[in-house]
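What follows is chain A paired twice: with chain B in the first complex and chain C in the second.
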Partner chain A sequence: MKRLIAGMLGGLLVMGGAAAQTDKKPASKPAAKPAAQAVQAAPAAEVKDAATLEFEKFRAEMEDSNPAELFEMKGEEQWKAKRGPKNVSLAESCDLGKGVGQVAGAYVIHPRYYADANAVMDLERRVVWCMVEKQGFKFDDIAKKPFADSNSTPDITNLVTYVATHSKNMKIAVPLDDPKVRDAFETGKAMAAYRAGPYDFSCNTCHSGDGKRIRMQQLPNISTPEGAIKGVQGWPGYRMTGGVMLTHQWRMTDCFRQQRFPQPKYASDAIANLLTYMIGTANGLEYKGPGIKR
Partner chain B sequence: MADPMKIRAQMKGDVAEVRVLMSHAMETGTRKEADGKLVPAHHIQNMTVALNGKTVIAGQIAGSVSKNPVFGFKVKGAKAGDKVAVSWIDNKGDKRTDEAAVA
Partner chain C sequence: MTKKIILLAAMTAPFMIAAQPANAEGDYSAKAIEVFKKDFQPRGQASIDRLAEDGLQAICNRTGNNPSPQSAKQLEADQMSSIKHPADGKLMGDWKEGEKLAQSGRGFTWTDDPGLPVGGNCYNCHQISPKETSYGTIGPSLYQFGKLRGTSEEIQKYTYNKIFNAKSYNACSEMPRFGHVGALKPEQIKHLVALLLDPESPVNK
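Moving on, here comes the complex of A and B:
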């Protein structure tokens, strides 16, 4: 017993939030391995300063114990449970393009066209569709509060996190040879270039050049596959500030807000088109699963 | 009711590395809502870690710890198959215990 207590190395480590992890490699090696590799792989236009490297180190540490797993656990429960007015589970009714109830590899093949819904759908939109059509939930109820805040997380976010986890380390494969998906891609591309609003901004104002940033945040160039994957990677993501789990739909909606555009409708064509452009551009690259953000 | 924890315990050499992910709001009691009302404190107060039923850590934590906290520690003398049980009690008396086997 005594030996056990004496054997505790390092004692308790508290991480999460802004707390830094102290149990690390010796100080003589300031750059952790993943960060060092990232520097070599980065294009010349993207010079990373010390702070960026520190954030990358921090993120790499946190990815090891991502609180997104907590939401994934809840999502799995909700996926398998009989719910809604029709009392059916999504596991026995929802087809995510891999067959009814199949979640493995489903996240990376979205957005895709669904004949039963006659629409191109990103994964979140598809799960919402299933909840409405198969389980009998009301769309308006889901759309009333579609995204998490620090007080509560909607079921849809848990479900998306659960599905996304099962596409970890898989290659992105948006079916762009499907004419309807190609259509959505082109529309999304046009939307990304559309300048409007009080700032006369488009998505491309910030996201079509290399090496741009806002404050400390590197901005991915979504017109290139390498940039687009950075924008896809990490969604759905756990944001440590406030401890909220957020989806890629939320990110799109928030970009609209930052541009001072009107709020897009939840689970709409507009968002699906934009996501088709962005995720489709990253086709062939590896998705690493739900992420963690500061 | 409290949500489950996620516990991962893995042998690295002769030391077991344990990571615990807890689901908890961890309200400090100093945060205010938009209407100016204080959000009452709600955080874990005591946590214990047991290896095969023997307590190896008994600690106290408070509101300064982040929401959904992660704890990491190393245990010498553990071996594969040992059971790691983590429990916590918060200031409202809510509690939770979860267990995992060392892999």
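Moving on, here comes the complex of A and C:
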């Protein structure tokens, strides 16, 4: 399967290159325009470039054989197996808000508040909590290498992918009427607006307007439902660059790297708050399950 | 010299808030800062002190990037006063060097080697030369920047100052303060001025 993907990706890159060529035309034209108009002459930001359209077509074609399935299968095994120092399975001990062991529809009701942990938790944080509290794994061991690289994929990524698969085509339903969840949402919203660091960036610098890009990368506007769902969709996702399976927590962490901030701690309130803001803003919209990312 | 007011006040905001009338938004911005302090850790060159606001960031954060006109004017003048100009007084360098800088987006992240030079990050957000079709749209298009404005001393100074410290013209501009934070040296900013203004630059062809 890997070879098939590589081949298709190769084709895609060629198409992307061709698209870049045709993109040149509008840019070289506006020479004769009057000053004010020419300054505005950047191509309409809402229009998707040809490479993006090609990738979306490719993604649609790949849906039946998404590499995420391999991680999902591993995750299912790990969910059901007796593991950890306490030798219990998550299937017989872990409550994801739908009852112990239930995974159907669990991904789309997170983040949510758990009284047993006294915290608002995104799905990944909740599974980590179960691994620590129910199975006896050490948090620091999990947090040491929480995300996949080209060498290895941590168990938590498989588990999150497994759970997320069982919310495919379900509507996002973050319980924002719960005061603790609402509080996390508002705190996350304030965090998204906070500018600091050497470049004065906040989340909102890149993610509060429609149709913005960094280079050719489209940026979801997380302040609107239509934009926020784009930031939710496809996570956890199989990333073609490097061929790794990555979670929404990873995406948030890498955003802070690019924001030139220090690193958010894994499975922390900080990430849970921001995910509550983003996913909660997308409430009512359909989640399509684990995806494929460029 | 700009006073870098590291707002310790912001870090102790919960105490201040308690003494003030209830304000939901204020509560959450104070809470957001608490969470940043509690849940972030240094990595590579990205030290924890990056979370502290300087005086300008603090005012932009507390006014939704919309300070009062008087406050904005004062901030802009303050930022302007710390701009350093090149020793030889010339503001236009080599546009080809400027293009190289504009292409590079590296620097300041926790994966960047702090010993290596920092890029201008320009194409991340702006259309510039028509030859580069992979450009961002967070900032306005700079295509034909010089052709539309000429190369007068005034325009050169404006362009140089804007790159050195964008906040000297617009207090809460989204654009980083490249010279102010030492990301780009005056000599490098000259090259970027040339990329935008030189009639020979592809930007103005």
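In this text, the second predicted complex is superposed on the first by the 249 of 294 C-alpha atoms of A that agree within 3 Å, B and C clash if a C-alpha of one lies under 4 Å from a C-alpha of the other, contacts with A are read in each partner's own complex, and residues count from 1 in each chain.
Going forward, contacts are C-beta pairs under 8 Å (C-beta built on N, C-alpha and C of every residue); 3 or more make two chains touch, one makes a residue touch a chain.
Fair warning: this is a prediction, and the values are worked out from it, not measured in the lab.
Using the contact criterion defined above for the overlaid structures, shared-chain residue A:A117 touches neither chain B nor chain C, since it reaches no partner. By the touch criterion defined above, A:A270 reaches chain C but does not reach chain B. When both complexes are overlaid on chain A, the residue A:S65 reaches chain B alone and has no touch with chain C. When the shared chain is aligned, no partner comes close enough to touch A:A91: not chain B, not chain C. In the superposition on chain A, A:A173 makes contact with neither chain B nor chain C. Within the superposed three-chain model, A:G197 lies in touch with chain C and out of touch with chain B [touch as defined at top]. In the superposition on chain A, A:T187 makes contact with chain C only, while chain B stays out of contact range. The wider contact with chain A, measured as residues touched, comes from C rather than the other of chain B and chain C. Using the contact criterion defined above for the overlaid structures, shared-chain residue A:K74 touches chain B, although it does not reach chain C. Under the contact criterion defined above, the residues of chain A that touch both chain B in one complex and chain C in the other are 23. Within the complex, the chain A residues that touch chain C are 20, 23-24, 27-28, 30-31, 35, 38-42, 45, 186-187, 189-191, 193-201, 205-206, 209, 211-217, 219, 256-258, 260-265, 268-271, 273. Residues 3-4, 6, 8, 15, 19, 21, 23, 51, 54, 56-57, 59, 61, 65-77 of chain B are the ones touching chain A in the complex. The part of chain C that touches chain A in the complex is made up of residues 24-25, 28-29, 31-33, 35-36, 38-43, 46-48, 50-53, 56-57, 60-61, 64-65, 105, 108-111, 123-125, 127, 130-131, 133-138, 140-141, 143-144, 147-148, 167, 174, 176-177, 181, 183.
Put simply, chain A touches chain B in their complex at residues 1, 3-5, 7-19, 21, 23, 62, 64-65, 67, 69-70, 73-74, 150, 238, 240, 242-243.
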